[in-house]
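Both complexes below contain chain A, partnered by chain B and then by chain C.
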Partner chain A sequence: MIPRLFFKIVNLELRKGMSYRVDFWVNAIVSFFAAMGVMYFLWDSIFTASAQGRIGGYTLEEMILYYVLVILIAKLVRGPNQMVGIADDIYKGSLTKYQLFPTPYLVFKYAEHLGSLLPAIIQLVIFGILSPLIFKFPDAMTITPITILTCINVVMLANLLFFALSLPLQLVAFWADNVWSLIVMNHFISGLLGGAMLPLELFPDWAVSLLAYTPFAYLYHFPVRILTGHIGHQQLWMGIGVMSCWILLLAACSWLIWKAGNKRYTGVGI
Partner chain B sequence: MIHVQNLRKEFTVHQKPPGLLASMKSLFVRDTITKVAVKDVSFHVDKGEILGLIGANGAGKTTIVKMLSGIIHPTSGSIDVLGFNPWQRQHNFCKQIALIMGQKAQLWWDLPAADGFLLLREIYQVPPKEHQEMLDFMLDMLDVRDEVNIQIRRLSLGERMKMELIAALLHKPQVVYLDEPTIGLDLSAQRAIRKFILEYRDTVQPAMILTSHYMEDIERLCKRVVILLNGQFVYDGPLQDVVKQFSTHKIITVKMHTPGNIPQLDPKIELLEDNGDELKFKVKTEEVGAVSQHLLANICGADLSVGEVNTADVIETIFSDSI
Partner chain C sequence: MLLAHLEGGEQEIYRGGNLMVRYIMLYLYFLRFSFSRAMEFRLDFFFRIVMDTVYYAVHIIFFGVIYRHTAMVGGWDFDQMLIFICGFFLVDAIHMTVHANNMWMLPEHVNTGNLDYYLIRPVSSLFFLSHRDFAANSFVNLIIAASMLTWAFLRYPGEFSTGQILVFLLLLVNGAYLYWIIHMCFVIPVFWTHSAHGFQMLFYSLKQFAERPDPIFRGMLRRGLTTILPFLLIASFPARTLFEGFNAGILLHAGGVSLLLTLFLLWFWNRALRSYSSASS
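Up next, the complex of A and B:
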């Protein structure tokens, strides 16, 4: 696919994402404050009850900062409503439309996936500015222009990794029709093992070492720790290497599943 | 441009009897059956020709169109469209075909058609000037210029179908599949779309395949038809010859000099229409002579003529006889 077309698709999807104003604001405000409210009150109670200044190496302020960042970054990594986009196309027969285009379907869908991130980017900017006014953050902030730039690049890679991770599961729709349970499982497991629910430092050491070789640790925890300046050069390059290997492996698996699944496609609904 | 040889498609489908017990059983074991949707069909379509694919629901028309456009894989047989095997979905093949589905929207629901057209220009890599000329021609022809900047989901069904047609034909495809393009549309929209299809055929000279349940679509657009019954090929030839080949009845028209004077007739003679001074009877071909004599003998002062049953009725009879 030529880059010009890729960016046109991204652009088209950006406009689609902004078509529903009410949905945008409800999604932005409710999802952020609901998730952040739960985490704030939960950890405030845990810190008060434990009477410890630090848990897993985090102070309460650092823990709050971690959750603000992980909630906002997770929106960029997962994208809105795209987790079942491909499975839905197969199930409802909308894949037919894309199959007729002289473009690779999976690249087309990734461009759409990227385009759908604009609301998440706007939400990130809005709550990135508002959060320090609402929550108490650590006095010595370690976020710098360098860590922000590095984090942006890693988030882009994490976004591709999440897409690659959900792809084989979505393609199971060629056989199973409804793959919602697989997608929910992926969402839950990647959230738990990726640091979206708990910082990975709270896991046992052996689990943290093991997770370093899985794709999950690089989805949410890794970009947040890069942003807050806790990842060194060596760790950064090793992380990027592991992410790239997983992306290639998952893309190869997806390609094989796609080839086999296509022969079973019946284009229902037309 | 399109050559189909011994095309066959089988589907494996799950079967589940009604009831809770059967639903629970299907969680562990499922019964499957193989359905033959298309049985050894062969035909060809030439440049500039519109072929009508006729059949009742489930006859296999849409399955054939799906195989010809490369959406589904045939079980056996061969397809050659513009020298390509559709199933390989090569980009040069995709750039030269279009599939218009009356029951499935292809444009982007949340965006105005204008945005969709621009993206399609990029997808098919049509030069901007050529794209604009074609777009202007089609917008004017279908009279939807004022609707082009309105979200697709806010358009009426007719306007949406017109936009779908434009979207599908903007890249001037050499092969066009029209799957029930006028379904659900009012008469004026149907007429506009038929006129547009003929205009496109005259301008671009593509090979076209049309499936429709509306006989008027077939009669106005297709000179040649293929009739399918339960996935099987039963006729390939000129539309007007369908009547000669399949009709088992004739129509006898009796024009009476004195209206309103209908005598008692043999109850086996089916009266189709009674327009006061004109009566129409549907009669088996082999009984035309005897019935004509009977009518002339019983109706005083009348002119009698024998004609053919109309094509739509013949096709309907073919389908109903197969059930």
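Up next, the complex of A and C:
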């Protein structure tokens, strides 16, 4: 696939993402402040009740910073929709039309997925600027230009990892009528084990060690910890290595499922 | 054949002179169709059960991890939190079974003009559109959620009187009713916005407030969440009647808010229908 075509698809999806502007802004503002409000009051009450200065290595201010970053970064990693486009194409038979396109279907879908990230990028910039004015962050901030640059690269890899994770689940649509439940299940599990609901340091030590070998720990928690300067060089390269291995493994799985599914695909749809 | 069966069914419904009997019979038809449709998609049926079970597990693990670091959250210990969260699962399962599919489909009916077919029926359009699709696959989860709540009660070290449990269950049913009203209020704007899902994504964002115990919230936010958007009345207030003893104030508050929201919903629905143009987009 030529890069020009790839970026054309990205561009089309960018414009689509900005339609329904009222919905977009209302959803963006309320969903961010609702998520932050719930987490702020929960952790404020926990810190007050426990009378500890630190929980799982975090002060209250560090915990709030963690949640602001994880909410914004998770939007970049997951994308705005629940990624059921591929399953829909298979179920409705519209996969057929893509076979006429001058580009591999899955690359086309990834380009679409990348293009749909524009709203998340806008939210990241706006709420990233506003948050320090609203919430109390740690006095000594550890975010530097280097951690920001490293984080951007890791977020791109995490985005690809999330796409690779949801791909085999979507391809189950060759056999099942509706795989929406599988995608939502992935959303729940990756949210908990990826650190979107809780910083992973709060889990028992055995669970933290185990999670380091799963793809989940690298989706949200890893990029946030890189951004806040808590990941050393060795951990960074090890993390990137684990992410790459999972992406390759999941891509191989998806390829096998794709081959087997294509043999069953009739193109009839519903 | 199906049409003849349906027409026969409608005649039976008309014959029921009592309005309540007519609605109950109609609902029994909805149930019959929903179960037979669910059996056509068996793998999806199974996936939905696993998905909701994962949802329950994720929330219990979430609080399990938090309680590793603190003894109390909002003044409640882990056993109390478990009863609260299982109470919420039950409300959520009722909503998923009875209403959620209908809420999801309503924007499509409005945007495609299919709503016309529902408006000409000789029953309340609000009732018909909110209850037509009973999610038979989520019904299994309703049983699982009820079992989990029973388990949370059985492992609770203290004791509750029968009266306390009955008031708790009554308030949970009221919570499920409030949950539907709030959700509906976020879907109805689709009559004006014509977007794909109305403001449902907002509803799902705000519903997080219902998943946390109410004592953690303070100030204006707390006032808003117990009156205008009463997410805290859904499962948290019912749980408080168990842990703090019978409180007539909570019952009156929940009843009053439910009544006012019902009136608001009826007004909002009628306003929306008046602005419905029947044109598809």
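Basically, the second predicted complex is superposed on the first by the 266 of 270 C-alpha atoms of A that agree within 3 Å, B and C clash if a C-alpha of one lies under 4 Å from a C-alpha of the other, contacts with A are read in each partner's own complex, and residues count from 1 in each chain.
Everything below uses one rule, namely that contacts are C-beta pairs under 8 Å (C-beta built on N, C-alpha and C of every residue); 3 or more make two chains touch, one makes a residue touch a chain.
In this text, all values refer to a predicted model and were calculated from it rather than measured experimentally.
*Asks:* Once the two complexes are aligned on chain A, which partner has more residues of chain A within touching range, chain B or chain C?
*Replies:* C
*Asks:* Contact-wise, after the overlay, does A:Leu12 reach chain B, chain C, both or neither (first, second, both, neither)?
*Replies:* Touch partner of A:Leu12: chain B, not chain C.
*Asks:* Touching A:Ser31 in the superposition: chain B (first), chain C (second), both, neither?
*Replies:* In the superposition, A:Ser31 contacts chain C only.
*Asks:* After the superposition on A, what does A:Met197 contact: first (chain B), second (chain C), both or neither?
*Replies:* So A:Met197 only meets chain C here.
*Asks:* With the two structures laid over each other on chain A, which partner does A:Gly93 touch: chain B (first), chain C (second), both, or neither?
*Replies:* first
*Asks:* What is the contact status of A:Phe101 with respect to chain B (first) and chain C (second): first, second, both, or neither?
*Replies:* A:Phe101 contacts chain B only, not chain C.
*Asks:* Can you pull the chain A residues that chain B and chain C both touch?
*Replies:* The overlap between the chain B and chain C interfaces on chain A comprises residues 20.
*Asks:* Could you list, by residue number, the parts of chain C that touch chain A in their complex?
*Replies:* 41, 43-44, 47-48, 50-51, 54-55, 58, 61-62, 65-66, 68-75, 193, 195-196, 199, 201-202, 205-206, 208-209, 211-212, 215-218, 221
*Asks:* Using the touch definition from the top, list the residues of chain A that touch chain B in their complex.
*Replies:* 2, 4-5, 8-9, 12, 15-16, 19-20, 93-94, 96-97, 99-103, 262-263, 265-267, 269-270
*Asks:* Quick one: in the complex, what on chain A touches chain C?
*Replies:* It comes out as residues 20, 22-23, 26-27, 30-31, 34-35, 37-38, 41-42, 44-46, 49-50, 52, 55-56, 175-179, 181-182, 184-185, 188-189, 191-192, 197-198, 202-204.
*Asks:* What residues of chain B sit close enough to touch chain A in their complex?
*Replies:* 11, 62, 66, 69-73, 89, 91-92, 94-95, 97-99, 101, 103-104, 106, 108, 110-111, 115, 118-119, 122-125, 151, 179
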